[in-house]
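In what follows, subunit A forms one complex with subunit B and a second complex with subunit C.
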Partner chain A sequence: MNKKYIPFILIGALLVLPQLGLSSYVLHILILALMWATAGMAWNLLGGYCGQVSFGHAAFFGMGAYCAGLLAHHYDITPWLGFLVSVPVVAALALVMGFIVLRLRGPYFVLATLAIGELLRIIAENLVDLTQGNLGVLIRRTWVDKDPYYYVILALALGTYFLIQRIMASRWGYYFVAIREDQDAAESLGINTTLYKTIALAISAVITGFTGAFYMNYMGYIDPQIVFSLGDISIVMIMVVMVGGVATPLGPWVGAVIMVILAEWIRSLPVIGTGYQTLFGILLIVIIIFLPNGLVGDLPKIKRFFKKEVPA
Partner chain B sequence: MWVQAEVFLQTLVSGLLLGGLYALIGIGMTLILGVMKIINLTHGQLMMVAMYLAFWLFTLFGIDPYLSLLIVPPLMFAFGMGIQKFLVNPVLRVESILPHNQVILTVGIGMVLQNLATLFFTSDYRSIPVGYASTVWYLTDLWRDSPVELSFSLPWVVSFMLAVVITLMLWFFLAKTDTGKSIRATAQDRDAAMLMGVHVGWMRVITFGLGSALVAAAGCLFIPIYYLFPALGSQFTLIAFVITILGGLGSTIGAILGGLLLGVFESMTATYVGMGWAPAGRFVVFVAALVFLPGGVASLLKRRKLGK
Partner chain C sequence: MSLLEVNQMSMFFGGLAALSGVTFGVEKGEILALIGPNGAGKTTLFNCVNGFYKPTLGTVSFRGQKISGLEPHVVCRMGLARTFQVVKPLQRMSVLDNVIASAFLRTKTRAEAVDLATEILEFTGLLEDRDVISKGLPLGKRKRLEIARALATKPEMILLDESFAGLNPAELDVSIEIIRGIKAQGITIMIIEHHMKVIMSISDRIVVLNYGQKIAEGSPADIRANPLVVEAYLGGEA
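Then we have the complex of A and B:
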């Protein structure tokens, strides 16, 4: 079989999947996996390809979610419009952040991203008139059925995938990788590193905002503790990429499937369930020590490991 | 007029007292950052662990939290050394695309610590009911004709004093002992230190232990005046790095000044803007430091010195 048909077969399979009469729970897991894959790809563009590790993508996720939720809540406009509204809002946040922090070297970016996520959570908790504080925002979902949501998020995921492939094959992509590999060398070749890091941040942020807006539409309820959460959003996004494979196109997809299934499975266990964060933390530590480039990135290493064991 | 001055002075005093403890947290972070060039994002969680240790020492054996200063920091020193030796050092050796793997690793450790604390100790708020918790001194007791009235809570003052003592001891260690000098040499230039015969790997292990012990000491000093819950760690990690940025990365004096500044600023926001906004004030300081003074307070000090 010709290798070039594989992508079409995969996409075709993803398209017909909901028509196979899957239970709504399985469909829910598929939707979540696709959502995390999209968010992971967004993080990967900035963290994996451009080398700027962000611990605060929950900020963009939450902004997107609140854009969608507040429109529906205050003005009774369809929450799907949140996708459009979130673009300028999230991009503005990313640009301001980028021009403040990305001109500095060193750990500033890591710290600033951490801070921005927490800051937005505190603001969302305290601006009760606008966001209802910790009460959260509740909206009516558009469809009862899960199929339409599946197709929306599938379109978003595939769109993101092709967009990022396109960017990475372009001049920008080479700039991003050059910045990650050696910022001084990149600068000396005439790349405006601050500008391109900010571009990577903005694209990554807008896509993350879309996933947030989708989350609002799909779940119908958000509160600041959920969507601006460090442990449940920002870190999970990092884990999706770390487990799957940093700076690989398919890594986030693999990571998202593994993480979502793992999370659902662990949480369903009776006693250990409450300790899922411990297990996630241990998984993260193990992955970083033994497979620092993730399952996809370290595939040769894994193959070698098994080959060494099998013969004898 | 006098009332306003009184409120202002009282806020200033409580800010400074808080800032002394913040400084202790910040020094630990900045030491680790200086020597290893990595951000320890599990710093606050280490403090949380230390606070639980002090809490259980008090509950089970009736050991006063100030006495546990002799027990908890050494334990946390060993714990920190273990983290560095068995978790961080292996990661430093592995080749990977991302340079920030160690930072992500510390986040993973922090997650584990916080979640385990929730599992074992539940997420209830706890505090140690020490007898002297509500003892207060008044300025008029000392100085009868004072125009303004200020109050000093006993545990706050004791904690502050002990923080100062610990900081002085640390200064002595770093400035006068061989190990301390080796640590500073490693922070300044790793390769040069190695050429001079400093065992850099060992210095890393000691530094991580030392940073953990310092934050553990801060935890013991905090527990008579603060409450305790598992999620408290992440809050203090944020505080620690705001201080580090404000003070200047890797600078000990900067961390002390940064801690005091942040303490004062936070208590001012709490008094004049509102309690809920105090954490947001933290980030205002952080962003302002990034925009106007990326080198931190330390860079100001350095500029002054070079000017002479």
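Then we have the complex of A and C:
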């Protein structure tokens, strides 16, 4: 079979999936996987390709979610408009964040992103007039059925995938990777590293904001502890990419499926289920040691491993 | 007016004067060699010229415009490119992609960037290594990749920091030909080099630094005959 057709077959399969009479629960898992794949791709653009590892992407996710939720809550406007409204809001937040953190390198950058993510959570908790604080925001969902949500997030995921593929084949893509590989070399080649890091951050942030807006629409309820969470959002985005494969196009998809299923499974376990974040932490360490490039990135290594096990 | 003018430039690191009051010019089209013992301040001077450091005192101008204090990418865009003594390849990118990344500075589409990069790989003798991931290149070729990347920004002037260090005699000849080829294209060259034979054969003029100060300037013949230089530098080599 020609390799060229594989993407079309995959997309076709994704399109017909909800028509196969899947249970509502399975569809829910698929929707979450697509949402995390999208968020992972967004993180991957900045962290994987451009090399700027952010521990604060919950800031953008939460901001996108609140854009959708607050429109519906305060003005009774459709929460889907949150997608549109989130673009300038999240982009502005990314620019502010970029101004503060992009001049920092290495661990300073990481710590600064982490701090900003947490800061946003605390602000959302305390601006009670606007956000209702820890009470959260509850909206009326548009559809009872899960199918339409599936198609919305599928469109978002595929759109993100093709957008990032386009970017990575262009000047911007080359510049992002050059910055990751050696910032001084990139500067001396005429690349305005601050500008292009800001561009990568802004695109990454806006897409992450979309996933947040989707989350609000789909779940119908958010509070600051959920959508601005370090452990449940920022770190899960990183794990999706690390498990699947950093700086690979399909890594976030693979990572998202594994993480969502794993999370569901671990949470359902008696006793240790409540400690799922600890288990995720252990998993992350194992991955970093044995598959530093993730499942997709280390595929050749995995294949070799299994070939050794089964001598011809 | 010289193409590049270094004017009373000093650079202090804490109490250490890596450069003090250095003044000289580089004329359009020439090869100027910058020599001096280890730690003389040669690389520091490059860093001050291309914008990595902001000189503590003094100025640098290029084509009559002050460039000291500008960011490196702006200096490069103005037509002044450089290589690094400690090579900085974009490790996980192929040789071709390394050069494409810098070719984008002067090209619009990816196809144009690929064309320019290919042309330059041919010129620097790296074309057959185009698909090699640059981490895996031997040192001699990594040094040449530095030159290729700098050339892909279509510079008017290029700063070469020890492009010959660690090369075997065969590679040395290849690189000398490349430098001559660059000059033949009308690109002005300032080169840091320890290899005396190479310096004497390719440079039009030489500036000698010692402990951050300029101790001599002149033609290769002048420099060889200068007692100060012989004492500080050449003597030590013999």
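A few notes on this one:
We adopt the following convention: the second predicted complex is superposed on the first by the 310 of 312 C-alpha atoms of A that agree within 3 Å, B and C clash if a C-alpha of one lies under 4 Å from a C-alpha of the other, contacts with A are read in each partner's own complex, and residues count from 1 in each chain.
Note that in this section a residue touches a chain if its C-beta (ideal position, glycine included) is under 8 Å from a C-beta of that chain, and two chains touch if they have at least 3 such contacts.
Predicted model only: the values in this text are computed from it and were never measured.
Of the two partner chains placed by the overlay, only subunit B lies in contact with A:Gly297; subunit C stays clear of it.
When the two structures are aligned on the shared chain, A:Tyr175 is found in touch with subunit C, with no touch to subunit B. Once the two complexes are overlaid on the shared chain, A:Thr193 sits against subunit C while remaining clear of subunit B.
Of the two partner chains placed around the shared chain by superposition, neither subunit B nor subunit C is touched by A:Ala13.
Once the two complexes are laid over each other on the shared chain, residue contacts for A:Ile238 go to subunit B alone; subunit C is not touched. Look at A:Ala92: by the touch rule set out above, it reaches neither subunit B nor subunit C. Taking subunit A as the reference, the larger set of touched residues comes from B, when subunit B and subunit C are compared. Shared-chain residue A:Leu127: touches no atom of subunit B or subunit C. In the superposition on chain A, no contact is made by A:Leu135 with either subunit B or subunit C.
In the superposition on chain A, A:Asp184 makes contact with subunit C only, while subunit B stays out of contact range.
Across the interface of their complex, subunit A is touched by residues 50, 52, 71-73, 76-77, 81-82, 84, 88-93, 97, 100-102, 104-105, 110, 113, 149-150, 152-153 of subunit C.
Residue ranges of subunit A in contact with subunit C, taken from their complex: 169-171, 174-175, 177-178, 181-182, 184-193.
Remark: subunit B residues 33, 38-39, 41, 87, 90-91, 94-101, 103-105, 107-112, 114-116, 118-119, 234, 238, 241-242, 245, 249, 276-277, 279-280, 283, 286-287, 290-291, 294 touch subunit A in the complex.
Those residues of subunit A that touch subunit B in the complex are listed here as 47-48, 51, 53, 55, 100-101, 104, 106-108, 110-112, 114-116, 118-119, 122-123, 125-126, 180, 230-231, 235, 238, 242, 246-247, 274-278, 280-282, 284-285, 288-289, 292-293, 297.
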